[in-house]
Structure formats: structure tokens, C-alpha cells
Amino acid sequence: MCRPRERRDQMSEHIGVGVVGLGYWGPNLLRVLTELPGVQVRAICDLDAERLNRFAQRHPSVRATSRLDDLLEDPAIAAIVIATPVFSHYEIAGRCLDAGKHTFVEKPLAASGEHARDLVRRAAEQDLRLMCGHVFLYSPPVRAIADLLARKGLGEIYFISSSRVNLGLHQRDVSVIWDLGPHDFSILLSWLGESPTSVRAIGRDSIVSGLPDVAFIDLAFASGVIAHVELSWLSPSKLRRTVIVGSERMIVYEDGGIEPLRIFDHGVVYRDPETFGEFHLSYRTGDIVSPKLDTAEPIALELEDFFGLIRRGRSRRRCARPTS
Amino acid sequence: MCRPRERRDQMSEHIGVGVVGLGYWGPNLLRVLTELPGVQVRAICDLDAERLNRFAQRHPSVRATSRLDDLLEDPAIAAIVIATPVFSHYEIAGRCLDAGKHTFVEKPLAASGEHARDLVRRAAEQDLRLMCGHVFLYSPPVRAIADLLARKGLGEIYFISSSRVNLGLHQRDVSVIWDLGPHDFSILLSWLGESPTSVRAIGRDSIVSGLPDVAFIDLAFASGVIAHVELSWLSPSKLRRTVIVGSERMIVYEDGGIEPLRIFDHGVVYRDPETFGEFHLSYRTGDIVSPKLDTAEPIALELEDFFGLIRRGRSRRRCARPTS
Amino acid sequence: MCRPRERRDQMSEHIGVGVVGLGYWGPNLLRVLTELPGVQVRAICDLDAERLNRFAQRHPSVRATSRLDDLLEDPAIAAIVIATPVFSHYEIAGRCLDAGKHTFVEKPLAASGEHARDLVRRAAEQDLRLMCGHVFLYSPPVRAIADLLARKGLGEIYFISSSRVNLGLHQRDVSVIWDLGPHDFSILLSWLGESPTSVRAIGRDSIVSGLPDVAFIDLAFASGVIAHVELSWLSPSKLRRTVIVGSERMIVYEDGGIEPLRIFDHGVVYRDPETFGEFHLSYRTGDIVSPKLDTAEPIALELEDFFGLIRRGRSRRRCARPTS
Amino acid sequence: MCRPRERRDQMSEHIGVGVVGLGYWGPNLLRVLTELPGVQVRAICDLDAERLNRFAQRHPSVRATSRLDDLLEDPAIAAIVIATPVFSHYEIAGRCLDAGKHTFVEKPLAASGEHARDLVRRAAEQDLRLMCGHVFLYSPPVRAIADLLARKGLGEIYFISSSRVNLGLHQRDVSVIWDLGPHDFSILLSWLGESPTSVRAIGRDSIVSGLPDVAFIDLAFASGVIAHVELSWLSPSKLRRTVIVGSERMIVYEDGGIEPLRIFDHGVVYRDPETFGEFHLSYRTGDIVSPKLDTAEPIALELEDFFGLIRRGRSRRRCARPTS
């Protein structure tokens, strides 16, 4: 098996890439990969012949195949990008890692925490990069908030409250928690840089028996932060709204809104909070700012991160760890 | 001791009333009582001489006293309205009931569930009316929703999600749950007509040690309804918003908003939800209506309810039962 | 030259159509025409060979040509749809009418009122249908309002106020009035069914000398209705909002909004308005309704109207007359 | 008659003031005057005995009279504040000026431009201060905008568009232009520091014959700025919104809104705007800021301005000149 260090030397100019799965999300990844500097798409793979043929015509210099082994056996392919159905992630990603390929898997990494942890372990053993695609982490407002938090711009973070609801598509085989929750959880863990010490949820399968379509989830963290996440496919109007409350500032992040990020220079001024009955509190309200956000494409940033991680052995942004 | 039936005969024309406590809320109750048909305020009572004097001047025909016994011993007073500090509710209401007076107590009924249940028991033993003043239950949008729910206008209720947050006044001696929560809990119990089978909360004392200023509370009911209540004194902007999702319609209630009540004729249309993997769901969106609401004053409705309850022995609206 | 009546017999099953101009809007018309029942696209025409070739490949059974005469000389083509640059409308539409073809021209009909009137006259002389494409007239909210007005649902219309502003694309060769104004004017004339008796405007060429980028336009109508239209490419945020005030109801129409149409059951109740100094006015506020709107595609409705007009000799909706 | 200079010496410590008119607005002025440093209310005057008596009881040390002459003849009264009905402004203010009193008149200064100009002339002749109370000029957002404009913070001002509409109280004897317009006109003239070169309006008396209840007003200024003002008592919802567009920044001011002032760091970047057909424009969008505004009471600032003007002979803020 070729060793990562040798591979890195070989691909001094371009990293050869294979793409597996051309259904809903795969074509987006393929489009960005073909335009990414330092990367060469060498092969695409899908079981659906018609779909494979369509993309083969657009990319005549790329090998099109329905056999994953064709990618795994190609020594010029150093990395594989997977966007297949969730149930197949574990097996396909495992075979890629076993073949010594760096591996990118669209979220979720696997259909269970056990499988996800096994993949992480196998990647570590072989010193291969394994990255799960949480594209929201690369969206401009989420990154701007991450930068602000890293600079302690909110002071101490007290709590986070998030709603991700709409009158939306029921998924056929996963609950609203698996459908919408990964966005919030990946974002929360990325911002806070810690895993929750407790997670508690209540939900209801209002429409389809056994398939929760609404859930209220509470998280507590060792730092003292508490978080609440409301998820629903059954709400009168669409809302993707996260409020972060800190001692110095507060943030409202509305994904898809005209002003997706608003920073409130508000806080509490207090004296002697321990002497009960004698404390004096007052509220400080300052300016409210909707900062201009950059317009870089999240998928491109995400894949640049993956390839940077391959080249330099580390990521600018950490991939959110799988939770059980 | 005079019996309720006898008292009702005596006051064929007017019910004599005493008001105890003229601090923050008492003057509102006094103002409405003086204008209420069929009611005569006979005495007011407060320990603060200056305050008592001020209201005595405005109401020269009403007896002003700092002794509660002056009210309890007056046979022409059939009902007493209490708006004193919370810690005194149990003792004062108990003395009123012992003296055979119908009793109205501003929320909360007492400072503990045990005390509240004891008052309920004593009122029942003497066949006296005991009512706790949850004025929100008489606000036009809450009543309109109650009427709609009573007519099954939402179909089956799936869940309720409520946020009551602001950058608001920290109370000195009660948590945000005791300060803001009674509004939501009294409203929820009134609408649903059932008590929760489980209640679970997470909160944080961000500013003052031991005094939670943010809380996320989940409730489950035997009917299958789940509810979530978010309470906070630490939020960038004021929000009093409750969403009720049913099988036929959905409601958004924003207290204090320009359109406090919006009814969404939205729902889910489905077929054969039990045959997993074969169900077909589609979303139905119809009109959205902001109904015109009546403009009756909630306090007047609330007190009319109390006196109607005395006269006819029952309430148009049930008083929310105290929860432990 | 074949006469309209004869042509109508010939095309008992399908009306043969030619499309001229495949730039920005033409492809949308072509796409809808190929799917419209009772219509057969026989030829497409564009001076740009590369562009023509691209659409020829997608529509192999359609003749592709850069010569307009190829369409005019084809007896199987009864109608021509024109989406070329504005300066060419008058000449191309004139040649189509001279060749005995029913003619559809994307807005504006011509670059001057004189030219527009000349085309209308020539179409009338030959009993040919000439229609100008004001697609907004077929959008669901505009149609819903037209239906409501036709039923006198607003009572007497008092006034209309419209804002169509954004931080938007300066056009290179037309002012904001010619760019955005046709939407408002076509809609207003269609709703009111009358032409203004006076039009007055003030504007400013803030950025490019000679090219107004903001304008305030007042219109008065013989019925007494007054209207105001604000147009701007220089506004902090996008707004497409029209308010219609009537004696019985009021309407707010926000194009592109989540609730594009809101109907306010509000009005004024008054007594004896002529006896000055003695009148009594009060305001009536009732429900506010956001009706569910149908989702038919406006372009398809527009073209169906054009072909229905050819078949039956009249339009379901009148084409807005050109204004000088 | 005593001369202003002498008076100024006399009142080295306090300026003696009389208040005429205690109806709707007068009590507000009286309340602020009694708390204003350096000012002593010596007399109040109203024709309504009951009303006069009520305020006399609250202010036992102030002379209460129904005779204006009692104020005019008092040498210790240097300034008179008038809040009587509009039709009486000209006569009362004229008598005050003739008696050598500095004079403050609630808006409008008089019922006609001719009368207003005559008062201005008479005040100037006697070197007396005459101020018209446009309290909106002292509201925090209007002042913050004035400061920003004075610093050229918006670059060149292109245009201003204002809407002041509601389903509101029809006045019995003045049109919507005289009722709501003074707010906008006083603010516009104050901000721009110039009078319009042309004013044009269209309106309609929808409800009461002869009394316009909706108006659209255009203004042009020598600097090139154009402005539009929409006024209406007949609108589905209340709106007080002014948009100011400049070359560097844009402002949205919503009176009474949660964020009354929002500053958009937006503009247009262009090259060679004179070479037609070759210019290149692009839009620049930066941060949006809702600045925290100060909370000083507008009436107090306004009256401080009046008394500062008396003491120092000039105003911090110019009184808006009357328009004919």
C-alpha cells in the first residue's frame, strides 16, 4: 500500500480525485472540483448508467465507470469524494480508506455513531484524511460568527437557541432530527469547540408513525453554555434562526434572510452579583450591525479545506466529530 | 358563619367587595371594580399609610383601613380581592376563606404548590369561590384561540412552541420561570384542558448566581400534545410568540403585535401512513387570516367571571389549577 | 395575401408560429410555446448564428434561420412572436403585419407612442391580432386583484400608491421609467380600465447624466382615482409594493413577498359628509386575509390569451393600450 | 416699553415665563417648563375656567388668569409660550410681540403664510425671539440624521422619499396636508438647509368633500435634491418612513419603530459617467447599522433652544421658516 508521504510527493502539482455518486449533491461537488486549482478529476462512478453517461459527455477527459474498484485501483487517484445514499457511506468509505485513499463523505459520515467511529479509527491508523462534508460550516454567516467567537467578541457565551422549521418535505426514511439536525449540531460544535455533556430531546411522530417530524432538543456543555434546538417539518412558515447570547454582545443569525447576521452590542451591567438582594443590574443597549459578508462559495471553501488538509496534513477548520 | 347561599340572597343587587394591596397591580383591579355593574367596593386595605390615603381621597365613600380584620368582620363584604406580595398570599387568602369570604388572588395563588392546594381544599370545604387572577386568559387573542380550539378548528393539535423573551428586568427574588412562566403555563393548560404528564427544564443563572434568567421547558400531555416554552430575560429583542400546529390549521400568536393572531389554513394531506415506504404526503397551504379581535378589557372580563362564579356557582372559564 | 378568416380555418388543429429573437426573454417564450396545446412552433429566427444553432439543436424539427422573410413567406405560419431589442420592434412587427401574420411583441410595443399607434392602426386595418407582452398582468396576485376589483370588492377605489425600487441594475440606454415603469402602468391601466387624464413626473439623473434613475410619477383618472408610482434604481433595499385603498377594503400587494397579496377589510364609516363641521367619522377594521393564490405560469396564460384571441377574435384580458 | 437687552440683564438668574393655552399640548409644555433650569413659570392663562383651575391647584405658586393682558403687563415675564388653537395664533402672538415678549408658538406659526411672515417681521423689528415649535426636529433620530448630514456622511444627497400614512383621525377643519405635512416639511427643510424651488401636489378628498385625506407632494431644491412626501389618513397600516439616498450612504428612518434609524453603507461606484455607452457601474453594499440613539426628551431640548436663543441671541437649531 502506498504511504501518504509518498503520495504527497507524487502529486506535487495536482491531486487526482475520483467522485462516487452523481445523484442530488454529487453534481455540485463535481462542478466545483473541476474548477478547483491543484485538483484533477480523473474518474466518476455511479451505478445508474444513464446518469453516468450524461456526466461523461460533459467531461470527456474523465473516466466514467460503474465499478468502484476502477477508482480504488488507480494509483493516480489520491482522494475520493463520496455522495451516495447514507446507508452506503460506511461500506464505500471503508473500501476507499482500505485502498489508501483520502476520503471525503457527504454528511452524515455514516448511519450510526459506531460506524462513524470505526471509519475515524481506520483513517487515523493509516494516516489518511477523512472528512465529513458539513457545508454549512463554510457558509459566510457561520464563518463570520465563528471568527467573532474566536476573538471572544461576545464575551462569555451564555446560551444559544436555534429554530429550523418549515412546512417542509417529510423524508421517507429519516426523522426530522437526522434530516435537519446535522446542520445545527455541526454548527454548534464548530462554534463552541466542545461536545455536549448532556443531550435531551422530546419529539412527536405527528404524521407518519415512528418518524418524528417535530423535536425539541436541549444540550448542556461543560463550559456552562446551554443550547436549545427546535426542528420541525410542520410549521406555518419557514424559519432558520439562531440566537447567541453572550455577556458583551448578542447575535441573531437568520439563514437565507436579507440580513443573515445581526450583531447586537447589548449586555448586562451589574454589581456584586453574589450579595443576594443587593445587586444592581442594568441593561446596556448599543448599536445593531448587519455586517457585509463575503460571497465565497461554501462548497469551494469546504473542498479547498479537504485538499489543504491532504497537502499540509491539517485542516483550517476542524471537521465536526461524529456524535453517537 | 354565614353560608354562601344566604350571602347570595343578601346581595341580590350588589356584591360587597374589599380590596387588599394597592401596590403595582391592586390599583388596576380597584379601578375596574369601581366601574363593574353589580359590585360595590366597600373597603380598601394596605399597610402603607401614604398609599392608602391617596386612594382614600379618590374614593371618599370607601372605607380605608390598614387592618385586614376590618374587612373580614364586615358582613356586607362577601368577596375579597388580594393583590399583595406573593409571600403573603397564603396567609391572607387563608384568613379570608376562614372568614367565609369568596377570594380572588393575583397570580401566583401561593408561593408553593402545597400552599396552593391547601387553599383550594379549604375553599371547597366551605363552598366558597377561590380564583387566581391569570389575566392573560382573558386577553382577546388567547380567548379567540380558546374558542377556535374548543370548536376543533385546528383539527388534532400536534404541538405548541412558545417564546417569551426580552432584554428585560431581572427580578430580585424569583427566577425567569416564576416571572414569565405563569403566563405560558396558565394559557397552555387553559387551551388544552389537561395537565402535563411530564415537565422537564434546563436553565442557566447567567448573571445572578442561583437565579435562572433563561430556561427551556418541555411538556408532554396524555393526549399526545407536546409543548416547548422558552423563557429569557437575556435576548436581543422582545418576543412573545406562540405557534400552535394542528392537523387542519396552524396559529401564530404574537402578544402585543400589530396582528396578534394569524391563522394558517395549512395542513398535511397523506395516504396510508402505516404502510411504511409507500406513503404519499403533500402539504396543503390555504389562506392566512388575521381576524379582527374584540377589544373588551381583560381585567373586567376576569372580574366579571369571578363575580359570575359567585352568583351562579360556576365560571365561564376555568381558573387554571395550581401546579406543584 | 391570405385573409385571417381563411387562416383560421386552415389551423383548425394547430396554429403555426415563428419566434423572432432568442436573447434574454425569447427562450422563455419558446419553451412555453413548445408545450402549449394547439400551437406548433415552425421556425425560429435570430441574427446571432451561434445562438440560433444552440436552439436549433434542442428543437431539431423546427426551422432555424437568420432571415425574417423565411418566416413571413411561410403560409403555415399564422402568428409571430417577437422578442428582439426595443429599437427593432416597430420595423419587425410592421413587416409581420404586412405579411398578414398575427403578431405578439414583447413590451414595450415600440420605442415611441407614434410607432405604437401606427402598429395598432395597421393591425386593425387587416383584422390581425396585435398583442404586447405585459406578462405581469398574468401573474397570480395581479389577476386576483383584477378579479376582486371587477367584483367591486373594494367598493369605490380612492387611490393607488406603488413603489418599485431597488439597488438595481442601471440600464445603459433607457431611464428607470422605461425600465420599471411599464410594469406599474400596464397593471394600473388593466385594473382601472381607464387611461389617465393627467400624468406628471419628477425625476433625477443622479449617476449618469441624462438618464433618470429615480422618478416620482402622479396620475389622475376621470373616475376620480389618483395614483402615485415611485421608481428607483437607487434604494437601500428592494421593494415592490402597491397599496390600493377603496371605500370597503384595502389591498397591499408585494411582488415576490412570502404573502404577495393581503386584503384588509378596513374602511371608513361616516354620516352626512356634506354638512361641514357636523360629520362623524369612524374607522372600521376587520379581518386581514392573505388568500392562497393559484400557481399557473404567467407566460403560458399570456400566450394562451394571444392564441385564444386569434381563434375567437377576442382576448380574455385586454392588452394595455400603448400610451404616448 | 422695556428693551430686550435690559430684560436680559434683569433675568440674569431666571427667565420669567407665561403659558397661554392648556388644552392638548399646553400641559406638556407646562410640565417641562416647570422642570427647566433657569426658567420660572410665573403665570398660566386659559379661557376655560375649569381647566385653568385644575392646573392652578397643581401649581399653587403660579398666577392663574383668563386675561392675556395679565401676562403682557407683568414686567417679570420675558417670554410667552402659546399653545392655543391655530386660528388664534396670529392675534395672540402679535399681542405678545407688541408687548415686548419673546414668543414661542406651537406649530403652525399661523394659519397663513402672510400672517406668519408678518409675525417674523414684527419680531425682527423689535429684536425679539420668535420660535415655532416643531418638536420633531428635536427627536433623537431626526437630530442624529441632521448631524450625519452636516458631516457630509451620506456624500451628495440624491433624493428623499417619505411616507406618513395611517388609518387615522380625520381632522375636522384641516386637510391631511396641514395635519401631517408640517412634520415632514419642517424636517426636510431643517436637514437640507434650503427651501424648495418648486412644490407640486396631487390629492383627493375621498371622504369629506373639500377636505383632502390623501396627498402626494413633490419638491425640488436648487441643490438638485428632489423629495417626495406621501400623506394619508386612509391606509391599511401605519407607516412613518423616510428614505434618504446619498452617493455614499443611504438612510431609512422609521419613526416609532424598534430600530428608528438604519444607515446603509451602500453606494454606486462608476467610471466616466459622461462618455455615454461606455460607463461602468457597480453597486457597493457594506454594513447596515442601527445606531443607539440618545434618549433626551425632545420638548426639553426644544424649549432649551428657545431660552438659549433668548440668552445668547441665537438658536442651536434654526426654526423652520414658515412656507406660504
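Order of writing sets the labels: A, B, C and D. Residues in every chain begin at 1.
Keep this in mind: contacts are C-beta pairs under 8 Å (C-beta built on N, C-alpha and C of every residue); 3 or more make two chains touch, one makes a residue touch a chain.
These numbers were taken from a predicted model, which means no experiment stands behind them.
Trainee: Could you compare the number of C-beta pairs in contact for B-C with that for C-D and name the larger?
Mentor: Between the chain pairs B-C and C-D, C-D carries more contacts.
Trainee: Determine, using the mean of C-alpha atoms as each chain's centre, which chain is farthest from chain C.
Mentor: B
Trainee: Taking the mean of the C-alpha atoms as each chain's centre, how many Å separate chain C from chain D?
Mentor: Between these chains, centre-to-centre, one finds 44 Å.
Trainee: Hey, how far is the Cα centre of chain B from the one of chain C, in Å?
Mentor: About 55 Å, centre to centre.
Trainee: Mind pulling the residue numbers of chain D that touch at least two other chains?
Mentor: Expected reply: 237, 285, 288.
Trainee: Give every residue of chain B touching chain A within the complex, in rising order.
Mentor: 158-159, 161, 167-168, 170, 172-173, 200, 202-204, 206-210, 214, 216, 218, 220, 224, 226, 228, 230, 232, 234-237, 243, 245, 247, 250-252, 262, 264, 266, 268, 270, 273-274, 276-277, 279, 281, 283, 285, 288
Trainee: For chain D, which residues count as touching chain A in their complex?
Mentor: Contact set of chain D toward chain A: 259, 265, 285-292.
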